[in-house]
Amino acid sequence: MTKSERDSQKSLQDVALIVGSGPGISSSCARLFAEAGMRVAVAARNPEKAVLTALEKTHGVRRYACDASEPAAVAQLFANIVQDVGTPRRVEHNIDGRVPGIFRKSIIEADPVMALETVRNSAFRAFLVGQQAARLMLGNEPDENGARGTIVFTNASAALKGYPSSGAFAMACHAKSGLAQSMARELMPQGIHVANVPIDAAIGWTQEDGTRAHRLAGTSVNDNLADPDHIAQTYLQLHRQHRSTWAFEIVLRPWVEKW
Amino acid sequence: MTKSERDSQKSLQDVALIVGSGPGISSSCARLFAEAGMRVAVAARNPEKAVLTALEKTHGVRRYACDASEPAAVAQLFANIVQDVGTPRRVEHNIDGRVPGIFRKSIIEADPVMALETVRNSAFRAFLVGQQAARLMLGNEPDENGARGTIVFTNASAALKGYPSSGAFAMACHAKSGLAQSMARELMPQGIHVANVPIDAAIGWTQEDGTRAHRLAGTSVNDNLADPDHIAQTYLQLHRQHRSTWAFEIVLRPWVEKW
Amino acid sequence: MTKSERDSQKSLQDVALIVGSGPGISSSCARLFAEAGMRVAVAARNPEKAVLTALEKTHGVRRYACDASEPAAVAQLFANIVQDVGTPRRVEHNIDGRVPGIFRKSIIEADPVMALETVRNSAFRAFLVGQQAARLMLGNEPDENGARGTIVFTNASAALKGYPSSGAFAMACHAKSGLAQSMARELMPQGIHVANVPIDAAIGWTQEDGTRAHRLAGTSVNDNLADPDHIAQTYLQLHRQHRSTWAFEIVLRPWVEKW
Amino acid sequence: MTKSERDSQKSLQDVALIVGSGPGISSSCARLFAEAGMRVAVAARNPEKAVLTALEKTHGVRRYACDASEPAAVAQLFANIVQDVGTPRRVEHNIDGRVPGIFRKSIIEADPVMALETVRNSAFRAFLVGQQAARLMLGNEPDENGARGTIVFTNASAALKGYPSSGAFAMACHAKSGLAQSMARELMPQGIHVANVPIDAAIGWTQEDGTRAHRLAGTSVNDNLADPDHIAQTYLQLHRQHRSTWAFEIVLRPWVEKW
């Protein structure tokens, strides 16, 4: 393909960037968006994970290494995406940021360094990714739905409710919601759709051997956990929502979840 | 068509019932659902309105007369739908219930009789329609997304915030949200998807002469108001959402709306 | 006491009206407000209850008969209070409105007539009482805290969350919250403090024989239930809050309550 | 005074620690709590500010230097307070954390380093202070209201709503709310009252010359801004609330504030 052919193709296709690329929501979105005709890039600390190299082979997904809690690294990531793939219209931040050592720790036991790291991994990364995305998208022409771009933040039920023995995670998820709200009120009137999607459930995903993680014994459909393939459907719908009727927040939970 | 042919066709198609049938959301949903292959029925106090007879001609929509604030009338409506069209899987309640005389009235001026009527027109009708729908849907087999049925309540921004000089409407919309929440927590674990959709905007719809109501001067796309054709898209997505990831509440607002 | 003496005394004292007068919050407020120097009136369907006649004897509380779901009856009640006691500055609506037959009923079993009655008993009574209170209070001079008056609505946790199998009560409590919010946004800038107080707990009260209802075995303080004497303290603080820092909503729950 | 006399006096008096000590809420609380008989300590980066030395003279308030975003410094602060004054029962975190350079900055202009600093100054300091307070209070005997202690977090309206062009502050305030909620659900059943108090207003305070900052021209009472002396009243009431009826969140706003 010549450069001008490549440029021409860029202009015809939405570019999607997914930051925080594991085997769950990120992989499901990468597959679905590629199947829907988007050019898809994923960024992860370690882009050599088998789940990502597989996506490259099966869906032509491009892989980028990025520590998304470093401002310069995030700026470089976006510069690379623009040059290699085109200006992104669909940007998604999926990292949940739980530092293992802080999990289910009482407030009196929680390590302060890990608590701050939890906020950096979640809300601060979202800030950096959202900022770069907004800067680029403001230069886009509106698409057929009136959008210059879409920024989707994956969040957790800790964004809706601070649970006991998870103060650090409650800080991180609430912070990400506050950021998303502020960005939505600022950017939606400028044509950028910002959405916050708290998943109120454990997530069950496809393992490398093709089986589903967390599949419940005896159920033919893995539907007591949030299925990332179905989450991806909602994300695609958000990307295509017309600006006369934008949703800011969609909480997704399985039918049997208590809330 | 023979009875057995008719029965067979019933089982192949979703039946949708839309209660409160005006030229906005109800008409847009009726059109979209019919185009998506559903058998659609609409119920209104006056089913002879031109907008409904037109839907019958263009989309085969069946029309029913019903005063939805009367328990017996709602029970009869559902009995008729089951007999004529089949057991509904998709039920939607759209009436907003504003009694004109109560609009923008200070709490000291508002007429109590009209205030109670406002609650009856909105939340109480939703109760009656939701109750009949739930009774029938619990007998349905789950569809390919695991749902025995979907009940969608259209609501207004007054469900999210009690505005000054609209105490009666705030009561009505909050009541409808409370009902929707209670029904969701009760029915979702039994396989019925219940959703509340507050529209935080004025709605612009297609008039009989083909022009759009409320079209803003000088805009080629009517996107500063909530477009009911786009609202209908979200409703269709709710009807097709997999039960591993159900959304209970989606607030829809135009990109330029302050919130 | 001569009429002019009585008039003079009226002007020196706050008049408090408590609507919905049972042995719990209403009685505790009546006692506390009287001890704080207010002239207190209580209104109930049956003002001859022993708990109210006792309050008359011990605290000089005046008793009024009123079916608070009837507009004319509420108007007459306020007219009587003004004439007998003075224009009220502190008005409180405590009825929770649960119709026994609707309690813990699934949406498919709940009787529609009782559901509507539940809304009438709660939100609609609050509307009528709030309307009459607002009309009178707008004529008051601001007190030393800048308030022309205070209107407090007691509410329940069903105002915060629609629980399963309580659709009617969720409607009623949400409606009361919506009304309170609308009234607060309308009346606070005119100098009337409106507050909504959801009690997220069962309430334990003093019985006629001096024992506490619901006292937990083995606890010397009845503090696993909301104690109405302590609820009354918060209400008194709301009545005395300076208008530079008004609280609209205070949720009260016992220390051991899950939320 | 002998050590045993000092110990005896300690046990008779509540010890209050106020972290983040400026001329507004902190000074008003220090004065009011001292007048109510508590032994009061204030901690600030710079405890030599005139407003604090004045409090020492007039109300016997003890002053401590502390950079509350440093875990070791906060641990040392609490150790010093215990030794000098006694184990605190009332702890309050007031710093709002706005880094001047981030104020009213669009998401595309905001400096990431300042954004993270904003979160550290607000939510992370609250985490450190809350953690040390909780560790000590769990060792207290319940007081006459059943509380082992009270932890109050001052917050801002950005905790309730993410405003445009203030993404960093929205992150910080939401994070502080999430932390407060998690701590409340964890600690309240253990006898520690945790409260979050968003002030939805600018605050007007007493200046060194005795005049009020931000006093509006022509008003004799400074009541269009939140008056910190009145905020302090609500804090004192929270400290004295009985555990049968604890409030977690109280939003305070002036009567004329839009919300």
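Lettered A, B, C and D in written order, each chain numbered from 1.
The rule is short, and it goes like this: a contact is a pair of C-beta atoms (placed from the backbone, for glycine too) under 8 Å apart; a residue touches a chain by one contact, two chains touch by 3 or more.
Remember, predicted model here, so these are calculated numbers, not experimental data.
Asks: Taking contact as defined at the start, I'd like the list of chains shared as neighbours by subunit A and subunit C.
Replies: Touching subunit A and subunit C alike, sorted by label: B, D.
Asks: Suppose each chain is reduced to the average of its Cα coordinates; what separation in Å results between subunit A and subunit D?
Replies: 36
Asks: Taking the mean of the CA coordinates per chain, how far is subunit B from subunit D in Å?
Replies: Computed value for the inter-centroid distance: 47 Å.
Asks: Just give me the whole-number Å value for how far the CA centre of subunit C lies from that of subunit D.
Replies: Roughly 32 Å, centre to centre.
Asks: Residues of subunit B that contact two or more other chains, please.
Replies: 185
Asks: Once you've mapped the touching chain pairs, tell me: line, ring, star, complete or other?
Replies: It is a ring, because the chains touch in a row that closes back on itself.
Asks: I'd like to see which chains touch which, written out pair by pair.
Replies: Chain pairs that touch: A-B, A-D, B-C, C-D.
Asks: Along subunit B, where are the residues that touch subunit C in the complex?
Replies: Touching subunit C from subunit B are residues 71, 106-108, 110, 112-113, 115-116, 119-120, 123-124, 127-128, 130-131, 134-135, 138, 158-159, 161-168, 170-187.
Asks: Along subunit B, where are the residues that touch subunit A in the complex?
Replies: 146, 185, 188-189, 191, 193, 199, 201, 204, 221-227, 230-231, 233-234, 237, 241-256, 259
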